[in-house]
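Each remark here refers to the structure printed beneath this line.
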């Protein structure tokens, strides 16, 4: 039903943090009650209200009233996950973003992907951010507000840019992790084609799909900010958003590349399994081709006929052994010449030649 | 032939239900005859005429006359299934939608997809809906009319939005079911690559295709409602339709993701089958490689020559057994070192490390 | 060379049939000579000249002169197959269409696809159709002219619509045939993976490609008729063409779905073959793994050494048989526990649960 | 370096041929020196200067000066292969085309694809064509100039059209060759899955890619000629170019179809190989499953124990033979019932049923 | 954080080289300090400042100040790799390009792909280039400045074109290398399906993806230069940029072709492995099918029954040998007729028939 706030279970209670600054002043505070927000946004200067955790409908609704949000905007904040997008409202611009991070696991080489929604409201004098969980990637922005001159000199549009840019730049190390993981899996797969690998491939594929659903719509959303002559963004800041847009495109390009390489993993895996079956069957064929005919030969002389002349000979035993050795040797030679045996020397990987 | 009403066999007889409301009044009735519709739509207020079941051409034609429908509009209502779309007529706007639901089966983990066409006519003072079968997903809308303030305050355009939005929101749990089913099949397939699984894959693939044919055209249809400055939709309600559009896009994105993952199922299945063949052939090769040479050896001493010196020896039997045990042991050792035996320890799945 | 009429060999001689009608009159005649056409088109009313068979260049040229056709238009009529398209000429609008039908074969479940070109000229007072062969799907249109009021009341643009709509509607049963054929092949393939099936797959794939090349360009062609404010089509009839356009889009969507499903057939086939190989190899491995070691054991006691103590024992024979039975039983148990034997019970297909 | 003429090695020396015509005159000559060109283009009438072979930089430069070509235009002529395109210069329109032909080979069913660049300059009174090699597909155009009325009546724009149209129409038989080759390979592959076939597939795939790179850009180039209200092309001739454009689109469509079918070849091949492996393993399994157990049985009675009672019996030999025959027969029956043997009857291909 | 210069580790210290020229003068110098740049750009004439190596933030910042660069422009220069793009600033146009080269390796047939970023600033009187490493592909441009007339006569826009064109033209030999490598791998794979080949395929695939990410965005970037009526580029030079654009499109087309062929490599590899398994299994089946039944036969006569009449016969031994030879011969004949043996003759590759 439209207009309903369905807050997903398990989200922590909201913590509100305010940064209020101008070129020569800075106030930074945790706020216990929503009623304390209003004074900040009424004073001159830029206010950043950062709400971490969405687990209390009453508080969210109160904040919604303070900023006179449209019911649909409030819904977008809590009905997680939303597709990244930008929506223009009379009072402010809503930008729904997706923040990525990696969670280390018990296995050193594996990290898990974590996606959190960040909703950013850009008003005339404030930036209001909602995050679904505690802990974010925005500390560099806070640090710059505390120390930097540029961000303090410019308006809330630059702050919004700084937040969005930091969120997007954080995709780079995540993509790099996947790039490295794909390369290392490519090597592993050739030596150890364990079926459990398939789960890894599926997981990587799924993670890359999640990342794609995080990046591409943000590109479109930023494009709307640039193109639509959005009133809340000054031309001076627009050029920064354009740079941000370029980063999105570049991330999207890289992502598609990694998706192609990840799809290639499965092919490599298939080939590795085929090759192993090949090796195993080769072994079977060599052993069988040598010993089955020999067993037949000794079988002949195991027949209980009394009229097999060779058996009488004193030289029969050494000669038949010799004959069978010759047959076995001939087979081995044949297999070697047919390339079935002996080419186990690993081809060296070519290296750049700088001599 | 254009203009003909070809009603598919098996559709139940129409049941007509009317809800007539304004901000401070509500009438809700089942109507036995079509002639009783007209009074409602002539009174001030919003009327929702909901027709469930299309199995009586005469009744459908009578309703068509009451609302002076174009022959093609009437055709779209009964010639099921139509591609979701919106068509503008002088008197009203026709929106053809597709409603999804899941039908539980004898097997707890499997549900069947059910798609029903809903045709929605939005007029100046009414919303007229045709559903092909009894039972729908619109009870939340009815409940809101009975209790809610907002829907009663706004016009038929908001009612149309509420209906369409409810239909579209109902795709979410359906997609979630498929998402979970794909994940569970992914695990099953690795342990049990039964050929019957292929039917499941085909069914999932087919269902996802059906869902896609339900979602994507609705996106376009809603876009027409937003973009075309459709006269029957007020600017206040248009923003709600825009939200609805975003949901369609998000659903479409998810769907494409699931389609990719479903396609991956088959690859996982193929790999599981290859791996099994691999295991089976490995077994065969190990057994053959150990016992075929040994059989050859005992065959030698089964030859009926009297001039095999070893056979005379008292120690022959224990020594030959020892030799063969050594050969078998050597083979096993070789297979173990080549990684063919003994690596059955399942790799543990990495878990997030929060310590 | 442009302007040349290259009539494909094997086309039958033209048969010309004229229907001339107005709201209250109807003349229907087969015409032996082209010279008899002109009087009809000069009288008030709508004339439909239907030419079946293109196998006589002279007659085609004469008709071309009567309707003062552009050389390229005449070329499009006879140089078969043309891509469906619409071309505007000063005197008339040319619409090149493709008509489908199914030809039954010696095998009841298989039908062959037959595609025929229909070129439709829409003029101020006439519709002129050229068909490459005798026999078409347009009898419902003729019947409606004979009996129907609406078609007689409206102009040649509605007649052109009726012809095009009938041609396009005829794609539905054809697509349905392919849909059913794919489903039935999907089941067959799992039980009988005969290599000859591959030919069926290729044929279906090829047919679906042909259908696609028939449908998609018609969509574009109709879109031109709607969009270009084509002078010969009245606004009243344009809405019918829009409906026709929707049908094209729906057909195209279905077609893409069937193409995906047809591509899936091959995957199912591959899996079925893999599974069979798997089964066969499993059989081989079970038989070999049981009997090769046993043969080795009996081989031991076939050695001609006189110093094998067990052989002397009176209980040797029953004990060795027992031992071997135990080994065989152990192997079978192992194979059963490893899931190689005994799971032949077919999984039941889940059914909707309406209780 | 821009402006440099890098003429590929191996191109033959230029041969210049001039056709100068008006409605009632025609001069046709081979010209030894470039200086003889200028008089023709200064006279009234249309001049076609056809240069075959590019192997002489000096001559090419001289021609470039006569027609005051832009350095880049001259570069496009000789730096082969260029992507088909059209470039407008103040004096003339350059159209770079690609001409296809098939070269017969030592094997009757195989032909090689040959692509040659043709650069066409359309000026106010002339058409200038450069071909990289001797021999072309333009003889029908020459013939029409000699005999035809229409081409002589119209200007150089129609001549340019005739040249381009002839080049494009020549793609049809080439595509037909590939269509037939794919069909014949599809049949061959099912009976003879030789690895060498893979080279054929690769070659076809590569050829179709080459053809695609020849057709699609020409479509765009012609579209530019039609759309851009190109001054050198009269409205009367533009309709012919539109027809030419339609042919390009149709060729492109066919090409995509053949590319899909060619991709299907590999799948058919894979399936054929899998089926063969299947057959071979089946053979092995049948032989092994019958004879390995029997060999075990005879092995039992080859044991040298004196206490095997059956061996003493007079009926042992016939009975054991009977028993083994029964086992073998049972196995064969089992294999037959499991469908492993005996279904070699080829399914008949369904034929159209016209009775 | 925006505006930060994060210079990747390992880049060498900047070397600055200035070329200052007009139609009749040329100065060419290595410059030790950034302060010496300013005099050159203040004099009339065109200045090319080429900075190779980015490993010194201070120097980069000084150059940034001299040319009053936007902080984001400076960032684009050092934050490598950037996606190729063009950005307009008030003072100059920034074009970010990617330069390719091949590095020979220890193995003669293999070369490694090397990509370097080049950032090109086009101002009113200067071109400023930044390269990440020493050594580039621009020597032909330098040579033309020293000797050529045209480049000296035109402004910095033509110089920028010459630089970009040279960078793009350098993709041709690189693509040619990959084209040849794919063809040679296609042949190798059929004869030697070593698993290590898969690494080569992955590498080629990855390299082609890198090249694609180098070429396609440059196409868009050049298109911006042409389309946007960029003030710094004169109409005379724009036509050269259009040619450059065509080259980009052609390169992109070729690249897609090679990507398709590279994807085909894996299919060929798969088929080669399947074929080999097929061959191996065939060998096994032939050997087993011949010798397993024969071993059974000799096993019969190894039974210790005294009542096997044949054994008594004097002719038993030669007759049984004959019988077994007949069986073996029959099997071989069967295999030959079934096409399993003897078709080892390599099919000749068809050659063009010029007779």
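Chains: A, B, C, D and E, in written order; residue numbering restarts at 1 for each.
Rule of thumb we're sticking to: contacts are C-beta pairs under 8 Å (C-beta built on N, C-alpha and C of every residue); 3 or more make two chains touch, one makes a residue touch a chain.
Computed from a predicted structure; not experimentally measured.
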* Structure fact -> Given that chain A and chain D share one sequence, their CA atoms superpose after a rotation (degrees, nearest 5) of 145
* Asked: If you average the CA atoms of chain D and of chain E, how many Å lie between those two points?
  -> 26
* **Inter-chain centre distance, chain B versus chain D - centres from mean C-alpha coordinates, in Å** => 41
* In chain E, what residues contact two or more other chains? -> 270, 274, 277, 281, 284, 288, 292, 295, 299, 302-304, 308
* Reading round the ring, first chain A, next chain B, what is the order of all the chains? -> A, B, C, D, E
* Provide the residue numbers of chain D that touch chain C in the complex, in ascending order. => 140-141, 144, 150, 161-162, 165-166, 186, 190, 239-240, 242-243, 246, 249-250, 253, 257, 260-261, 264, 267-268, 270-272, 274-275, 277-278, 281-282, 284-285, 288-289, 292-293, 295-296, 299-300, 302-309, 339-340, 343, 346-354
* Asked: For chain E, which residues count as touching chain A in their complex?
  -> 1-3, 70, 72, 75-76, 82-83, 85, 87, 103-107, 110, 112, 192-196, 198-199, 202, 205-206, 209, 213, 217, 266, 269-270, 273-274, 276-277, 280-281, 283-284, 287-288, 291-292, 294-295, 298-299, 301-304, 308, 311-314, 316-317, 320-321
